């Protein structure tokens, strides 16, 4: 296990690389869902104020 | 009879969340001037800019001589003159140079035509001074000189009498009169009446704040 | 009257505007001169240390002074409403903007090309390098003006666009910088600089065909 | 006639609905592939005979780098479609692409330089491949900056579309930079015509990661697209049906 | 209400104008980042060749990005008529302009100071040089903003003043550049950089006392 | 009785080679409005700018409350409001923010005062939109709101009714009316009459083109 974590001496490079990439993936998921949620809320708000014209 | 006819049908346009033009309809033909009135913010400027193709209506269409203006925008533009809220002049050039470069891209100008137009708007004194040094009314007059020089059938004017003195107001009326007499079409946004001699070709339309 | 003669008039107008103040003509040159003197001041006065940087400095200075003049390229005309009139004049806006870009090159690119050898010599380049420097800067600034025109047209609707403009155009201009600096460096070293110069010319031609089209599309959108 | 179905397909309500339904079909395979690729790449694949275990960065670097280019291309194509046919949905696709692409470009740069430290002895070099990838990041940032500088979505859409199209010249430059200039960076070994030059146990996890990332992009794009479509529709009646629980 | 609280309001206004678009905040930084990447591209990718230039590049970039933002400092306000209202508000224009200059520094100088070490590191400076680089750029940009304010005020009445502005201000800014680059260089070399930093601070203080006065006089003349 | 009195004596001013103001004399006191008329280019704008100390007369002097305005320019400026041809607003800020930063440098503003002034000019709908998106008349109205908020005895107005609709014209008249009633002084360059209820405090002066 510790041999695996050591990555043949490259741990200081390999793990940060994976960490950054996985962080980017996770953040993308969070951002995308937040965008969708926010625009849903905005749309509801607009409907509440203006009703639908045209 | 000419076939000049500018027509708007059910024009819709938003600015931000604001539904500015809500199904506007209008029609002006050769020899007619449509006076656009309406409270501040009613959408007069927006309608004029849409009519000349600078803004894109999200609904409805605008036709000129029976065809959608977008079909051949260049040809349509070659037939119209648009004057906005501010006179389109370069501050560093003189009034005469401004006209030369502005009108010159549309048609070949004779120097005596230029002289004539400048005299018509009372620019003899200041035609050769940088526009930067002109008063607000003098700038407006220079823009009017440009308008007469364009020789196009369709005029779209946004408050053309702004900053003009009493005599200048009459000048605008006279210019539109002549334009209509020659079979031209005019669409003008105004708050006060236009000082025109004949009311025959005058139509009015009021925009309401949307 | 054709689109071409309208474009010619536009060129004449922009040149007249620039020549109205005689002092404005020397300004891009003075700017360039000052920028190239900044480096010896900032780095070291020894020619042996300066010479390897000469090409880079000349190019960075050219790029920056071209960029500085750029913001004004369309902005002035947009603000006073004349650009709108040109968009409504029934002529091809593409040609008119190409003429404006040509004026920009004549007023900044060309003087820079004539000035660059001087800066190069001051930074330790040999006299034999002069034609190479002139050629590379002259061709390269054509590409810079064209790319810059796109950026200026894109940011037309935005106030205080200076930084955004450079953010948009610099990435696109970097290939020009790379090839230009390479050509200048080879010229200073006395080697054949034909290959990067050809690439530079290719970039300029690519720009010539694409930039006015992209710029006129962007201007029309921004006037809306 | 042929265009009517096209426009109907691209109508906001339709897109909103279909995108919602399609998302899980991309998201789950993506999760599986990425998970399997991680195990394959980190555990199962043998060490490289030259680079030892250091080469394992490949499994996150190459897919990120691939995403940076693929997303930009998608964005430019969508922007062109939106500009030419005035199609709102295409603009919404382009707008959705930018943050995704920018984040993966960032990941490619970071993983690349983390890989470079042991292999080239430096985190950063002003090498054509590296530099042009950095430019790509600037382009994404410029695109987003330009977009956010406009108040009106419609204008932002159209202006930034011009930039996206113009910037696409950078994509082939990045891809071919290793061939056109003699570069530190290694030449294409997977994404090239003909035989890949990698042993199969190393190659399979890489391919899984590449496919997984691509599917993941598709899922992300759909979610963002729904948000964008909602935010640019004006009080249309379908929204109430679509949004109200 | 005192002149001081009017100045505070002016500062708040300029900051709000800049913060209106969140994206504008990153722009001077992006510009700086791009300019510092230009040099390696133009000169050479090898860090050993880049390191001796690092100080010069950082400073030239700082100077240029400060200059770029400068033109807009008073121009925007003059064009839309708000500057005239401030000149007519019955408060000391000197204080108001000092506030504008402070806003300019907060929006360009300070971010540049925080960013400069990164650029330095990318060009091969050691990590130990970071405090020295930050200090010298932070102090130096104060002087740059102040000198620039005078130039911007002087060229207010002139169209297309970009090049003229740089022509006027760059000579005045050269001492700042020299001391600043020296301080940064010493910091990169790991030697004591106190002496040039003190000179830089002296320049900044001199600017603080003189620049707002000169700028307000120039603005009043140009509004006439 | 207040001692408010703006007086110009024999004011001379050149612009380039042009002798624009040739010994102009005028006097306005508390409760009075001096309407400056004159053809385009007569020098109305120039006179207003001279009167508020932005331009320096080459001959004659301008006094306020009996003292040359140059004697204590800051104190004089603190008592005047000048509105030029263009509304002095920042395009990126909203109308409300503009007023806050503009008037705020002169005096402490209560939020409800701001609300009141904005409502007075009919800005309820657009007070919180960037000025960039406002119509020409809406911008002018925002500037008028600023004018009422300044609370100063001396108003110098350059064509304050430009771009305003009929109701806006009346608003300007009413604002001046109230200002005079409160003992204020006004100097306004206009081409048309001002829509004021009482003509009691109204004086006219015509500038002729020099």
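Each chain gets a letter, A, B, C, D, E and F, in the order it is written, and its residues are counted from 1.
Assume contacts are C-beta pairs under 8 Å (C-beta built on N, C-alpha and C of every residue); 3 or more make two chains touch, one makes a residue touch a chain.
These numbers come from a predicted model, not from an experiment.
Subunit B and subunit F touch with mostly matching residues; of the residue numbers seen at this interface, over half occur in both copies. In terms of C-beta pairs in contact, D-E outnumbers the other of B-D and D-E. Spacing of subunit D relative to subunit F, judged by their CA centroids, is 58 angstrom.
Our note on geometry: subunit C versus subunit D, Cα centroid distance of 33 Å, whole angstroms. Between subunit B and subunit F, the centres computed from C-alpha atoms are 30 Å apart. For the pair subunit B and subunit E, the distance between C-alpha centroids works out to 45 Å. The multi-chain contact residues of subunit F, meaning those touching 2 or more other chains, are 91-92, 133.
Multi-chain contact residues of subunit D, defined as those touching 2 or more other chains: 131, 138, 141, 145, 149, 151, 234. Each of residues 23-24, 27, 30, 34, 37, 41, 44, 76, 159 in subunit E touches at least two other chains. The part of subunit D that touches subunit A in the complex is made up of residues 34, 38, 42-43, 47, 52-54, 56-57, 60-61, 64, 99-100, 103-104, 106-107, 110-111, 114-115, 117-118, 216, 220, 223-224, 226-228, 230-231, 233-237, 239-240, 243-244.
Within the complex formed with subunit D, the subunit E residues making contact are 21-24, 26-27, 30, 34, 37, 40-41, 44-45, 47, 122. Those residues of subunit D lying in contact with subunit E across their complex are 122, 124-127, 131, 134, 138, 141, 144-145, 148-149.
Partner subunit C is touched in their complex by these residues of subunit D: 83, 128, 131-132, 135-136, 138-139, 141-142, 145-146, 149-150, 155, 158-159, 162-163, 165-167, 169-170, 173. Only residues 23-24, 27-28, 30-31, 34-35, 38-39, 41-44, 49, 52-53, 55-57, 59-60, 63-65, 68-69, 71-72, 76, 79, 159-160, 162-164, 166-167, 170-171, 174, 177-178, 180-181 of subunit C touch subunit E when the two sit together in their complex.
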